[in-house]
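After this come two complexes, each holding chain A, first together with chain B and then together with chain C.
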Partner chain A sequence: MTIVTGKTGARGRLRPLLRKIWEHRADYAYVLPAIAVMLIVIAYPIYYTIELSFFNTPPGLQLRDKIFVGFGNYTSILTSPVFWKVTSNTLIWTLASTFIAFVLGFASALALHRDFIGRGVLRAILIIPWVISAVAASYIWKWIYHSDFGIIGAVLVGLGLADRPPNFIDSVSTVLPSLIVVNIWREFPFAMIMMMAGLQTVPDQLLRAAKVDGANAWQRFWHVTFPHLRNVSTVTILLLAVANFNSFIIPWIMTGGGPSNASHIWITHIYELAFGRQRWGVASAYSVLLFLILMTLGYFYVRALSGNERKDGSA
Partner chain B sequence: MAHVVLKDLVKTYGSFKAVNEVSLTVNDGEFVALVGPSGCGKTTTLNLIAGLIPMTSGDIVIGDRVVNELDPKDRDIAMVFQNYALYPQKSVYMNLAFPLQMRKLRRDEIDRKVREAARVLDMTQLLERKPRELSGGQQQRVALGRALVRDPAVFLMDEPLSNLDAKLRVQMRSEIKRFHQDLKATIVYVTHDQLEAVTMADRMAVMNGGYLQQYDSPAQVFAHPANMFVASFVGSPAMSLIPLEASTANGDTVLTSAEGWTLQLSQLNARKVQRATTKKVVLGARHSTIKLHKSAVHGAIPAKAYTVEPTGDVTFVQAFLSGAIVNISVPPNIAVKPDEQIWLEFDQERIHLFDGETEMALEAN
Partner chain C sequence: MSTIAETARRGQARRRASIDGWRWGGRIFLVFMLLYTALPMIWMLITSIKSGFAAMQFPPQWWPDQPTLASYQKLLDPQNSVGQDFLRFFWNSLFVSTATTILSVIVAVPAAYAFSRFTFPGRNFLFFAVLLRNMFPAVIFLVPLFILMRAIGLVNTHGSLILTYLTFGLPLAIWLLKGFYDNIPVQLEQAARIDGATRFQAFILIVMPLSTPGIIATAIYSFIGAWNEYIYAYTFLSKNEQLTLPVGIQRFFSENTTDFPGLMAASFMMSVPVVVLFLVLQRYFVRALTEGAVKH
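Right, the complex of A and B next:
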């Protein structure tokens, strides 16, 4: 090795890089349109959102006359009681929906993994909630829950289990659980499909080996099936968690976040701040915080996926 | 250890008979190979013995118990699978311990047995590894160890070597044979490789189409194949089978070919042919029993060399005779060229004669 001066050293490093880029100029040209589009529709909005989050945008003022407030939006968010209410709603919504949808989906997958008459029909029926439009489903459930005309209330009263139809989505204490039920109903088929695919990859020979080794049905599940599904379970749970964190349609259409913020989650709250009350700055600050949280989740998702590949590669 | 008896074992899938009235006895401490081509019912038979699939009819006896209705875990068997079937998330130690844990043995007893099995199979240093960190041969040894710790009455092995490369297969072959000799274990071993069966087994059960074709020692199966299927399946290269016609010339029984030549028969072979109910006779001869001449010799049959395959030790020559391919092995110093005229002489003591219709071996008495 010879010692080079800073100048030639930098040039020495730069030249091969430039030459490499030049050699691959056609390749760069191919991806250029995609990069340009991504910069316009993804990178610029992200930048603009971050920028806006440092400004106050009072309604009635033009956006270009926005007032710089530094971290003012962030501090006002973090000190507002609504923020903590919405955050706890989001956590309850995400954790409960994800966990129950996963368990229910896994259970259905296990049930459908056995061979029985009508399995195909049942599988098709169970997938329906996931394939129909979320907007349509939300309206249907709104009617099912309706305190005057809802079928659940009517059945309960008809059976004599209640004196009058219960308030599902008009009451502060029941609105969030009621919406979570709808959300679980809608997304457990996704978990079911993922786990069904996973179950098909469990090697038959391993299950037979465990049988010969004396394992009963539960032990075969616990020692063979379940460990085999660890990666697909991780991916399913992460995808569900991200989707639930980002939920909008069901709470927005069914309650719009009410009554008194009881069913507001982050996305509906941000949407209302931005497009309902034109508080762009605060809404942007909220978005940046949400972005950071989701990026963290995304990091674990990618790690779970690449962990998968590493195992397959060495097997 | 224990003996295994199969009596009129039948397994049907709908109208398809996978296993057809198979009866055989595996003696205590005997190594028996179930051998046959794909789909012959050998693996199904093994799974029936293991209790992994329900049988249609028949009886299975292990030791002195009829095990027809018993679960695999209650049959006192251990099984070694083709893909090793090790639990990927468990260490080698836990893989070996698993069948003992399922039997609720005390922890110190499990530890003692696992370490003993690891010592016997020389893999004490591998106990903490995960299966994916092991080579194919090591994985197979762990699979053997998992069967060994149980101290079962019978070992069932389902093509345990077919996932290994050729060199390792030969090595593991002798390891399994040694394993059998040291433990005096009763082993039922499924393979599609007749060489494995011949080299390892005390007795081999040749199966085809769900039927047991022949059950005897490898030497007997090799020397006296019961029918044309066994004759062509056992031995490599396969026995040449030449379709001929029995006729009488000058009071002697001879075999004539559609190509015009005739083959004189020894007294014993002539008697076999005379006892046949059909004129159609198939002549079987192994490559090493056919003599190749480069000039006409009395009693030798003219043929044309088709391909010549030198392997180093011997050179295999293929020729067409009466529409059949005939394999002949010659020393490497004899140079034969393709399309060269050759003469083939059959060893009357070592040829096989089969009934051309029933495909069964012809007997002299």
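Right, the complex of A and C next:
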């Protein structure tokens, strides 16, 4: 009744909707707990972040003393050189991690699709990095990259490829690629599991028919297997991209964003602004920008998922 | 005649050669992936059985001269302070993860069932709203959640973590379970209801048992997510006796920066529960992904 359109048509449409909602009132009980948790932990924070992004806040979270600054936080972000450095880092990090993790995961899934002795064991070993904590992974690799006692440096020196162990994560030029290697190590198993699941849905008859028709291995893959995996590939790539865009632990624990911002990505930068330098307003404005970017990605995510839904409905 | 047979045979041979080429390529690739995956973990294990002195050598000892379990003994000994802390962190992680897992199954099962079976207005909107949660990084929610938790008095309690972790697990859990319920024929429930079962009974007696693999997959996912979570635990908890493992280990080793054997032993022990859990139950997980997420 809050929507007054002045037309009986709108009211005529509203009535059945309300009646329908009333008839289905019991159904809502099933989703209510999930929705309630989501509202508290999601809707309220989003509202609060948007509000805070227009204010200048004193340190210490004494939020009563905040000062309205309009779009001041946004202009100061977009004009700062750190913003562009961090953005290019984030792009390199997200694109490289997503692409390489997907290719390695997909290739592993294909190579593991045929049955051979030890396949189950191999598959289990390849999945382990995805299961262990990112904190543990960060420490393991930090030790591997260690500039004095790291194993990679020692191997390079032993093979005569370097005079002294390189500083993988203390040097501006190598830090980002080194962290990406760690990230891919943790993430390719996810792509592998998803694509293994996808491969099981490719009908064997089609592959056999293609073989009878004389298609070679590559043609069978390209014309039969791959089209069947398009949906699952899209979902996997999007989930990987979102996860990479949102990563925090690996750069935070391994380098803290250093040296001189060379491994800062958006999330670590926002965290440092908020909890390190206590600049809540600027950090919130950053979050809102991030939010807008993710909404764009989310649009494609939902479209990819509802593509599945539609096919489901017609089947 | 013979030339035709000849060409056919040659063609077959060529095809076999190319298939072998792919197969060998696959094997070499898998060996590479195995090395990439396993070598860091092996190096972690080897380092964890060195003494602190043996670890700090250049060139490194590939295998320790005197292997020792001292790091593990130190971490598991309730008599000294390091062991006390480690065991307490371990217990905290176990409590938070288990509580999160149980709650998320309780919340996700009815929601997924409703999304799969009922056609109430706003169903699609609510479903995608739930899925969208996946899109947003922890950091966006950190400041407002911290203030919210402070307002309702949950800062420095495990409750703040459990409530937050619940929302990570829920989107994927609901998505996976919905796919499962979609694949269970409605006729099964209808038959049960004709036989006099209520909707609730039909759900408990027919649908729940059939969706057990999905529920197990959901539970694994929630448990692993909660066990490994770092950023909220790092922000919400400040008292030493409440820390979970990832934060506890990080805090401990930022004070003892050179104890790499201890750090590797702690990393190993932190990984054992989730790896074992996953390896034991992984077939449910892969199956749930196949049936729930992929096959539509």
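Here, the second predicted complex is superposed on the first by the 269 of 315 C-alpha atoms of A that agree within 3 Å, B and C clash if a C-alpha of one lies under 4 Å from a C-alpha of the other, contacts with A are read in each partner's own complex, and residues count from 1 in each chain.
The rule we apply is simple: contacts are C-beta pairs under 8 Å (C-beta built on N, C-alpha and C of every residue); 3 or more make two chains touch, one makes a residue touch a chain.
Computed from a prediction, not measured in an experiment: that's the story for all the values here.
Room for both chain B and chain C is found when the two structures are superposed via chain A, with no clash between them. Judged by the touch definition given at the top, the superposed model places A:P33 against chain C, while chain B stays out of reach.
By the touch criterion stated above, A:A209 is placed in contact with chain B alone, chain C being left untouched. Using the contact criterion defined above for the overlaid structures, shared-chain residue A:T79 touches neither chain B nor chain C, since it reaches no partner. Between the Cα centres of chain B and chain C, as seen from that of chain A, there is an angle of 70°, stated in steps of 10. Of the two partners chain B and chain C, it is C that touches the larger number of chain A residues. Of the two partner chains, chain B is the only one that A:V224 touches; chain C does not reach it. Closest contact between chain B and chain C, by C-alpha atoms in the overlaid model: 6 Å. When both complexes are aligned on chain A by C-alpha atoms, chain A residues 311, 315 touch chain B in the first and chain C in the second. Residues of chain A touching chain B in their complex: 203, 205-206, 208-215, 219, 223-224, 227-228, 230, 311, 314-315. Of all the residues in chain B, the ones that touch chain A in their complex are 50, 52, 71-73, 77-79, 81-83, 85, 87-90, 98-99, 102-103, 132, 146, 150. By the touch criterion stated above, chain A contacts chain C in their complex at residues 17, 20-21, 24, 27-31, 33-35, 37-38, 40-42, 44-46, 48-49, 52, 61, 63, 104, 107-108, 110-112, 114, 122, 124-129, 131-136, 139-141, 143-144, 146, 148-149, 151, 154, 157-158, 165, 185, 188, 193-194, 196-198, 200-201, 216-218, 231-232, 235, 239, 242, 245-246, 248-249, 253, 267, 270-271, 274-275, 280, 283-284, 287, 290-291, 294-295, 297-298, 301-302, 305-306, 308-309, 311-312, 315. Contacts from chain C toward chain A in the complex involve residues 15, 18-19, 22-23, 26-27, 29-30, 33-34, 36-38, 40-41, 43-44, 47, 55-60, 106-108, 110-111, 113-115, 118-122, 126, 128-148, 163-164, 166-167, 170, 174, 182, 224, 227-228, 230-231, 235, 245-246, 249-250, 253, 260, 263-264, 267-268, 270-271, 274-275, 278-279, 282, 285-286, 289-290, 293-296.
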